[in-house]
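The following pair of complexes shares a single chain, chain A, combined with chain B in the former and chain C in the latter.
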Partner chain A sequence: MSTLASPAAPRLADSFIELPARERARALLDPGTFRELLGPFDRIESPWLPLQGIVCQADDGAVIARGTIDGQPAVVAALESAFQGGSIGEVSGSKIAAALELALRDCERGRIVRPVILFETGGVRLQEANLGLAVIAEMQAAIVALRRHVPVVGVIAGMVGCFGGMSLAAALTSHLVVTRQGRLGMNGPEVIEQEAGIEELDSSDRRRVWQLIGGEQRAATGLADSLVEDDAHAVRGAVAQAFAQGLASTPRSAQVETYLARLAEIDPQDVTPESMRAVFHGAPHSTRKEQS
Partner chain B sequence: MSDTQLTRGARWFRALAGDTSTTTPAPVWSGDAPLDGEATRFITVVPDPQNRFVRATDNVVGLEQGWLLARAVRDVIAKDAHAQRRRPIVAIVDVKSQAYGYREEMLGVHLACAAAVDAYATARDAGHPVIALIVGPAMSGAFLAHGYQANRILALDAPGTLVHAMGKEAAARVTRRTVAELDKLGETIVPMSYSMTSFAKLGLLDELIDGIDADAPTDAHIDRVRSALARAVSEARGDTRGLARRLDNPAAQQNRAASIEVRRRLAEQWDAA
Partner chain C sequence: MEHLTFEYPAQRALKARAHVGVVGSGDLEVLLSPAAAMTATVDVRTSVDGYGHIWKSVLDRFFQRYDGAAHIEINDFGATPGVVALRLAEAIETLDADSNGGGNTP
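Now for the complex of A and B:
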């Protein structure tokens, strides 16, 4: 340890955020059970990036791994933010959609497979535009169908966060685990500033951005379910706990009247991240927790 | 809204579903009308100048639009819960974008859009034939919320109809290209193109209906669109669940070979040897 280390320094050895996608997936599965599917040696790469002079990655930035969680069959899909910002191309998105579709097939045959998605993505990879969007729709279809058989658990650990069409996929999961370093929003702060002007949101105001879409706020307002420290054991524990709780009575994205009523209570003129907490809270999910 | 100011979505809703006296008010019009003799739910997003969310007064999908789309679809699911035959749902698509705003992000526009995705996917899985009819822009997250979960996707081959992940100017900025360069790329890189014919090459479009005046359709034009919708409904009744058929066609075999290959090889490796 160097003399620079303070008592508050993060324990890097246990950090989940520091791990690349492959190691994140490994950390969530029972020790020794990790088995990667369509790994780098299978070399299924983006057919579209080379046409634009962009270097491919052998796994296209998505890691699919099978193994067990608490002894039960599982599949983990993890996005690698170091490659193209975790963006969804035809291949990386199809890997996730296909994994969810196969989990659904098994569930329909009575063999439950526990699905976990590690979101670390800015959304559609613009170099593959319409195919990125198409595979996100396919992923979403699979999540909605799969969620009737088994909880679909999402994790947003950071530091990229989860944006664009993938934020909708995250919102469709049965249970969302976040860290304080994870951010969840449809439009990134820069996009809002660009589209709506700096009066709407100054994307360089980091404090304001974290208060708006950071993991702590999302958990406090019931838009995420578990807030955990940046610690591999904590993330793993929250994921296992989500499966142990079983199926949600009504998934968040199906609670239409509850959320329309909440929106009606909000005054758009003066609502703040702080004041919205009085209306948006974790009730639907925390009551489920209390019942189990 | 006077007739000359109608947006495409509003115009085609009126053309296909009749007057709006029995439908829900802006920003989401939803109402039942016969299609080929069968009661059908038509849904579209229209501008709402008085909307209390000022970033969502146009035909965009914001907080209220997302949740109201979900309500319109779930209303149909509930009504037909015990019916032998589930009524068709036609999503008339004319959405410029999702709503971009500080309050939108705060209050979870991602969840509001997901609620619409959820409702449409649930309706499709429950056996409602869900048809998307693209009459204007079908942009990005707004199209995910309103249309992209459909069994069948139809589009008018008319100026102004397009499907894309990001507006041209913004996409040029983000990818550090000029708009002209982006157009040039679209000619060779099919998924980057903004043209409807390129979208069709991805195997995602079931019918491109040509020869229709999208802004001032004649009765004959409207009849042709009705026939195309009725045909799509009838075909969709025979679908297996899910969206697998989007990959099971010659266009997809050519331009989505990687999507198909990923699925084939992942299935091979799924169970340990």
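Now for the complex of A and C:
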């Protein structure tokens, strides 16, 4: 399936999407180096879900793992989409924010730790509302501080995608790896249909939804950096390459003038996936730009 | 949400622990660790109320064959009895494969 030529010979159809969060984290780290922090047996669960009659998961849906990537110290934060849609609660969010803050402290002392975030999330966990929002802000602050020292690499593999406040966190990363199955957007298609009407967007029209916010479109419009097949080796290769490339000149979210100019060219009345590609062509820090 | 507890006799102590599954639709999470005494204990938290008798049947059957002094915690999100039995078997298998111990998961 995959055409990626990586040193480790890829096996056929070694799906990354089908892996649960813990195995995703393990797949990105060098073999044998996976070491989980605050794992399920530490039982740091959401204190809020039982009050609302909802069963907890022992790791609150967030896996934090230390290890190495290409021999360099790394920390991977992976969200489990099967538990509450990968939503960010007080505990799951705090685990990720704290992992990033610890990596930042190491980086500031000259010991570089490579941070990877596996976004598979509908955003804030509604049952924990403001606490989830607050901790997403902490995560975003940590990403912005970290990316001065080391690339912060995000992965959106699918099938949940990355939405809400976490889409903003993904947008702040230095390098975003996506698959065709992945999706990145502020509001999910169901929310748009519910709030703006089916004339605006038919959320059951999967082709349309992916044309708008799918991984391929996000890569073609320069809002994601690497488009890979659903293959653990391909994802791992793209993440390792992002770190090997080092720090990008200017993070996307710091290119305010560029993006304001592009937005000014968009007319919301007649914007299409194709017209988006024409304006938001390719990666902003790549050299191939002028292509109609 | 309902909280159920069960106890079964045990014959041998455990040294390792195992974690399998996810609290997702139709699935469950199993945390298996050594019990404090020579008795197996099961703590079930389930999203579906009123199925205590089914849980007892599934666990009775499981402990007909299993004699480890395990403390088993189950976080259930509407798994069918078949899925529960498979996850329990998977936890034992993981324990055996990982019996050098220490790790959270295989």
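Definition applied: the second predicted complex is superposed on the first by the 271 of 292 C-alpha atoms of A that agree within 3 Å, B and C clash if a C-alpha of one lies under 4 Å from a C-alpha of the other, contacts with A are read in each partner's own complex, and residues count from 1 in each chain.
What we mean here is this: a contact is a pair of C-beta atoms (placed from the backbone, for glycine too) under 8 Å apart; a residue touches a chain by one contact, two chains touch by 3 or more.
Please read all numbers here as calculations on a predicted model, not as lab measurements.
Contacts of A:Leu176 after superposition: neither chain B nor chain C is touched. Contacts of A:Leu29 after superposition: neither chain B nor chain C is touched. After overlaying the two complexes on the shared chain, residue contacts for A:Gln194 are found with chain B alone; chain C is out of touch.
With both complexes superposed, B is the one of chain B and chain C in contact with more chain A residues. Using the contact criterion defined above for the overlaid structures, shared-chain residue A:Gly132 touches chain B, although it does not reach chain C.
Applying the stated contact rule after C-alpha superposition, one finds that A:Ser94 touches chain B and leaves chain C untouched.
Within the superposed three-chain model, A:Gly165 lies in touch with chain B and out of touch with chain C [touch as defined at top].
Applying the stated contact rule after C-alpha superposition, one finds that A:Val55 touches chain C and leaves chain B untouched. By the touch criterion defined above, A:Ile117 lies against neither chain B nor chain C after alignment on the C-alpha atoms of chain A. Contact with neither chain B nor chain C is seen for A:Ala224 once the two complexes are overlaid on the shared chain. No residue of chain A touches both chain B in one complex and chain C in the other.
Interface residues of chain A, counted against chain B in their complex, comprise 35, 37-38, 42, 44, 46-48, 51-52, 64, 66, 90-91, 94-95, 98-99, 101-102, 123-124, 126-138, 140-142, 144-145, 164-165, 167-172, 184-187, 191-192, 194-196, 200-201, 212-213, 221, 223, 251-254, 256-257, 259-260, 263, 266, 268, 271-273, 276, 280. The touching residues of chain C, counted against chain A in their complex, run 1, 17, 19, 22-25, 27, 29, 31, 33, 45-47, 73, 75-77, 104-105. Across the complex, chain A is touched by residues 52-55, 63-64, 67-68, 70-71, 74, 97-98, 100-115, 117-119, 121-122, 124-125, 140-141, 143-145, 148-149, 163-166, 170-171, 173-175, 185, 188-193, 198-199, 202, 204, 241-244, 246, 256-259, 261-263, 265-267, 269-270, 272 of chain B.
Contact residues on chain A toward chain C in their complex (touch as defined above): 20, 22, 36, 39-41, 50, 53-58, 80, 82-84.
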